[in-house]
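There are structures below to look over.
Both of the next two complexes hold chain A, though its partner changes from chain B to chain C.
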Partner chain A sequence: MQRSLTIDPEKCTGCLQCEMACSFENEGNFNPSKSRIKVFTFHEEGRFVPYTCTQCDEAWCMQACPVDAIKMNFTTGAMEVNEQTCVGCKVCTIACPFGTVNYNVDTGKVVKCDLCGGDPACATACPTQAITYVDASATGLDKMRVWASKTDNAQATT
Partner chain B sequence: MKHLIIGAGPAGVVAAETLRKLDKNASITILGDEPEPPYSRMAIPYLLIDNIDEQGTYLRKDQDYFKTQSIDVVVGRAESLDPVNKTVKVAGGDALPYDKVLVATGSRPIKPPVPGIDHEKVTSCWTLEDARKITSGIQQGAPVVLIGAGFIGCIILEALVSAGADLTVVEMGNRMVPRMLDEKCGSLLETWCQNKGVNVMTSTTVTAIEPSGDRVLVKTSDGAEVEAELVISAAGVKPNADFLEGSGVKLIDGGIEIDEFMQSSVDGVYAAGDVAYGRDFSTGEFGIQAIQPTAVDHARLAANNMHKHGSIRHRGSVLMNVLDTMGLISASYGQWEGVEGGDSAELLDENNFRYIQLQFDQDRLVGANTLGLTQHVGVLRGLIQGKFHLGHWKQKLMDNPLLLMEAYLAATQAS
Partner chain C sequence: MTWTKKVLRVNLTEGSVNEEPLNMDWAAEYIGQRGLATRYLVAETDPACDPLGPDNKLIFATGPLTGTAVSTAARYSVITKSPLTGAIACSNSGGFLGAELKSAGWDMIIFEGKSPSPVMLNIINENAELVPADDLWGKSVWETDRLIHEKSGDPQTRVAAVGRSAEAGCLYSAIINDLHRAAGRSGVGTVMASKNLKAVAVRGTRGVGNIKDPARFMKSVAEEKQVLAENAVTGQGLPALGTQVLMNVINEIGALPTNNMQLSQFEGAHNISGEAMLEPRKSDGKPNLTTNAACFGCTIACGRISTVDRTHFSIENKPEYWGNSGGLEYEAAWAMGADTGVDDLDAVTYVNFICNEDGMDPISFGATVAAAMEMYEKGAITKEQTDGVELKFGSAEALVWCVERVATGEGFGADLGLGSKRLCQKYGHPELSMTVKGQEFPAYDPRGIQGMGLTYATSNRGACHLRSYTVASEVLGIPEKTDPAVTEGKAGLVKAFQDATAAVDSMGLCVFTTFAWTLDNMAPQMDAACEGDWTVDRLVEAGERIWNLERDYNIKAGLTGADDNLPERLLKEASKAAPTEGQVCNLDQMLPEYYQLRGWTADGQVTDELRQKFSLPG
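== the complex of A and B ==
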């Protein structure tokens, strides 16, 4: 059963443990600026919104890559960056309309969420279940998916 | 069904793959005029700087890939197209038959009209062969002149400098990358390069290239004379459509006029990528974008319509570019020059080479330039292409253009 990250901003307290866990899992240190999941703060509303790649079907990053460095992991459904192949051209970072592929100046490669190979550290670390890793068919990603279709530059005529 | 694709760049390869997904039995042939397997010109800067080898530039890495997809890759240059007999004549070879043909021949470097431009010390930077010539032509301390500080010129600066070149850049425009970056952005980039020891001459043209012993002497419009071991000409590109002369395929500004189904003025002849005069998302107007994401968009759409004409309509591609010039990253989107009557917002940190400007049409984002921004840049595309009415978030962005992600989340996740 394929699973995906589900984010419920209503439950987020802004504790940033997801960012810490992501950074530690992927970079080996606690550096939220290197995290692939980000919590955005809306001070006036007292609202926190954790945000990362939805592994969208359109996969603009994968389509835009000129050297075939982004591929789908068929087990997890995640689009993964092959660091050996990535040349660091950054075309994927501008092609992703969600802004969830970023360039890492230190490595000269791009980074994005890869669902930690099927055991996302952010979901494990989240104390309030604002981030969960559940059956893909039951998630609330629909809003973003619907929006994703708006970004498509093609229009089916039938 | 016999599909012929002329051009082995990203547009050609993506079109072939898309056609294969749509039709398991179709005959699919890619005709390319370079001897290497299909490769990406986008990767050449990283080859020049030695981060990858030539294989690293290949569009698909598995050497049997095209064979396993039953896609024939043929080396040869298209000489002419005969839409009556539905054939494409290959130089020094046969006429290849087709039912549907895609012209994805890309573009080629413009040769500036300068006396001496054909000297053997002058090269373009476009093909793998050019890359080899550049790599072998630069020794430590060698004086090198780069004509043009456009996208290609800027993206190879770091490779040239790290190879030891003593570099002079001559740019006709009043700033670096004038077709992608606004005045502030381009000027900051110039300062950045000067600080790194590159001699940048803007508002200057090369007037002559003359032999001078083992080197050449490059003369400029402001009277300067610069000796060079190697001259790299990166003065822009133009569509590769000359071979269509006499075919009846209509050209505009040298590119192929296409309709919303990616078909040219001739039935069964489609175009994609740098050679296609396609629709721009922001303006709705047609023109040549010559960028990687657009080439791939075009290819996917053209392939669908080659398979079943009329199946998918092209609504236009968003103009977008990202450029790394000696470590300073710039990006541009959509109508970055602004629109009539529209507001703009900007934030500048000159000392740290950081800059962002946003362009609005009423309360929608329509364009942007950024310098030194590497996080969440893509959301600019999301905001532009989603055509979101930003409401009160427009004012927040006017006050602080860096609140892009917040504005985007507010627009998309509002309950």
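== the complex of A and C ==
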């Protein structure tokens, strides 16, 4: 079964456990500035929104890469950057409409979420299930359940 | 590991910024943050110095776990001599600044001297510089934060600043970071402003690492996060209702101080409670609470993000306050609500916003207004001082009028900025000041909760609940239930809580974890992360050492055993609330035993024997 990261901003408290887990997994220390998932705070509105790569099937980053450094991992479905091949041209960072591929000045390569090879550290670390790793073909189930609960029949039974 | 082992020394008189190695011998004895910074303060300053003079120092200190993945490891403390109490000040704050400072590569910043003109400290990783802040002087914390971000262009820059209240000399001004987290008590913001230091801006991208045993650490962190998640207080009560989960609980047991502690129950308690913050309001159908929020790395997330009703008199013509900001914590809601007799949730929330915006400790502010209200009702303060405002208990209008004046120090706001003790002295009623060592009480009536009486009387920073939160045991049954009405056993309870809390405050963790965790849960995380063997026994020993060091500082600053006392009201005027009716605080039954357990002399001095045992300085 292929799985996807699913994000429910309503549940996010802005604690940055995900950013710490991501940077620890990938960089070896707790460093939100190097995290591939980012939590954005909208202070006036009182909202926290985690945001990361959605692993597009027809990935713009992959299509744009002139040296074929970005390839799909057929087990996880993640678009992965091959650091050996990447030349740091940053064309993928321009191509990605969501901004989730970024350049790492320390290594001269680009970095993006690779789903930690199928066990994403951010989802494990999240204390509120704002980030979950679920069946890729059923990411909408929770939202469907919420809306279903608002239908007349469901109301009548509660 | 995971100290960065680097101290940033900032001499404000000379305008110099220098790096030096952290004293690791002291770290082994005092851990970090609260303990270690106190050791530096003791070594470098005269306890008898003028707290607002250039000889006092101001230390921002993180703990070894700050910035790591341990739940709640967000904390930093500000250590200095307090202008409010003349004793040691140690104010702990969450938010994101502490972890950012650590990630920039610094354990600690020591500010010394006094700048000839307003400055701010700008830190980007290893680069730190003092820059002129004439343009920020006279601005609120929120405006300062906005201007600094405008200049840095980096939304991730974390800012701590003082507001206009501190500039005006309010003696209980706080240092506010991340807009609404506060190193709140004892006037640490007043000290910062006295040095012409307006703000500290930090950006750290180096990360926090050097974990001793990464695999063991991550396993331990995950297990202990689970303990917090499964606990009723840290897993349910605090995320849902915040610390405000306590308002109705404490009121029901007859220990909610009301109207300057004349009463021990408040009729309007429910209206300002955590439950009330969830109720939809009439005007727009939205509740006061928008969401809960976490500090860096915290899996509890007790923080409140709130709005004030736009139709409320306090903000109806002020759209700048229509958005969300930091909402009410229990102590703030109590001080500005129950203690002033005000049960208007929107007014109290707005007043809380202003305390954050201009950097006042809401506990001391609310309690000082409460004392002023009692003096107004007695005729000692008149409309002459209040520009015609009726400063009566229960008046939301008066409360709002007061906060706006303390924020800028104008008119009667300067008097209110003196704090309860000096205000009551000035207007001829010192007996009406509900303070210990000059610091205002928090939200637990020691007539109803005896252990808190001893806690307040012996706290090294004046009246404070966070030095030994025996409410956990006496009310909530954590770690085991004791009877709040009896004094027996409380001396030992207070000492145990004080020592453990000093250790928690020195590691970089939040004391709210202790609803679920004991040192048994913390030591394995500390030990997996940091060099040296960190056992529970060693943490307790360090806690006791820290407590004695703070005590010794206070004695050298001129305090004596006579300062370990409570106002007569709490010792002689019995509670009138049904559940605690007839009770007073029997401090005299607890204090001698406490001194004995501490190993202090009968007049409360640290002995040479203890000095030797803990290798305390001279």
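Here is the rule we go by: the second predicted complex is superposed on the first by the 139 of 158 C-alpha atoms of A that agree within 3 Å, B and C clash if a C-alpha of one lies under 4 Å from a C-alpha of the other, contacts with A are read in each partner's own complex, and residues count from 1 in each chain.
In this text, a contact is a pair of C-beta atoms (placed from the backbone, for glycine too) under 8 Å apart; a residue touches a chain by one contact, two chains touch by 3 or more.
In this text the structure is predicted, and so the values were computed from the model without any measurement.
Visitor: Name the contact category of A:N102: first (chain B only), second (chain C only), both, or neither.
Guide: first
Visitor: Does the superposition put A:Q63 against chain B (first), chain C (second), both, or neither?
Guide: After superposition on chain A, A:Q63 lies in contact with chain B alone.
Visitor: For chain A, which side has the bigger count of touched residues, chain B or chain C?
Guide: Result: the larger residue contact count on chain A belongs to B.
Visitor: So, A:P9: does it touch chain B (first), chain C (second), both, or neither?
Guide: Only chain B is touched by A:P9; chain C is not.
Visitor: Touching A:F48 in the superposition: chain B (first), chain C (second), both, neither?
Guide: second
Visitor: So in the complex, which bits of chain A are touching chain C?
Guide: 13-17, 20-21, 23-24, 27-34, 43-48, 124-125, 127-128
Visitor: Which part of chain A faces chain B closely enough to touch in the complex?
Guide: Residue positions touching the partner: 9, 38, 40, 42, 49, 51, 60, 63-64, 66-68, 85, 87-91, 93-105, 108, 143-144, 147, 150-151, 153-158.
Visitor: Flag every residue of chain C that touches chain A in the complex, lowest number first.
Guide: Residues 67-69, 71, 96, 103, 156, 179, 204-210, 218, 222, 225, 229, 239, 290-299, 301, 303, 305-307, 323-325.
Visitor: In their complex, what parts of chain B are in touch with chain A?
Guide: Residues 10, 14, 40, 42-43, 45-46, 51-52, 56-61, 281, 292-293, 296-297, 300-301, 304, 310-318, 320-322, 324, 327, 329, 331, 333, 374-382, 385-387, 404-406, 408-410, 412-413.
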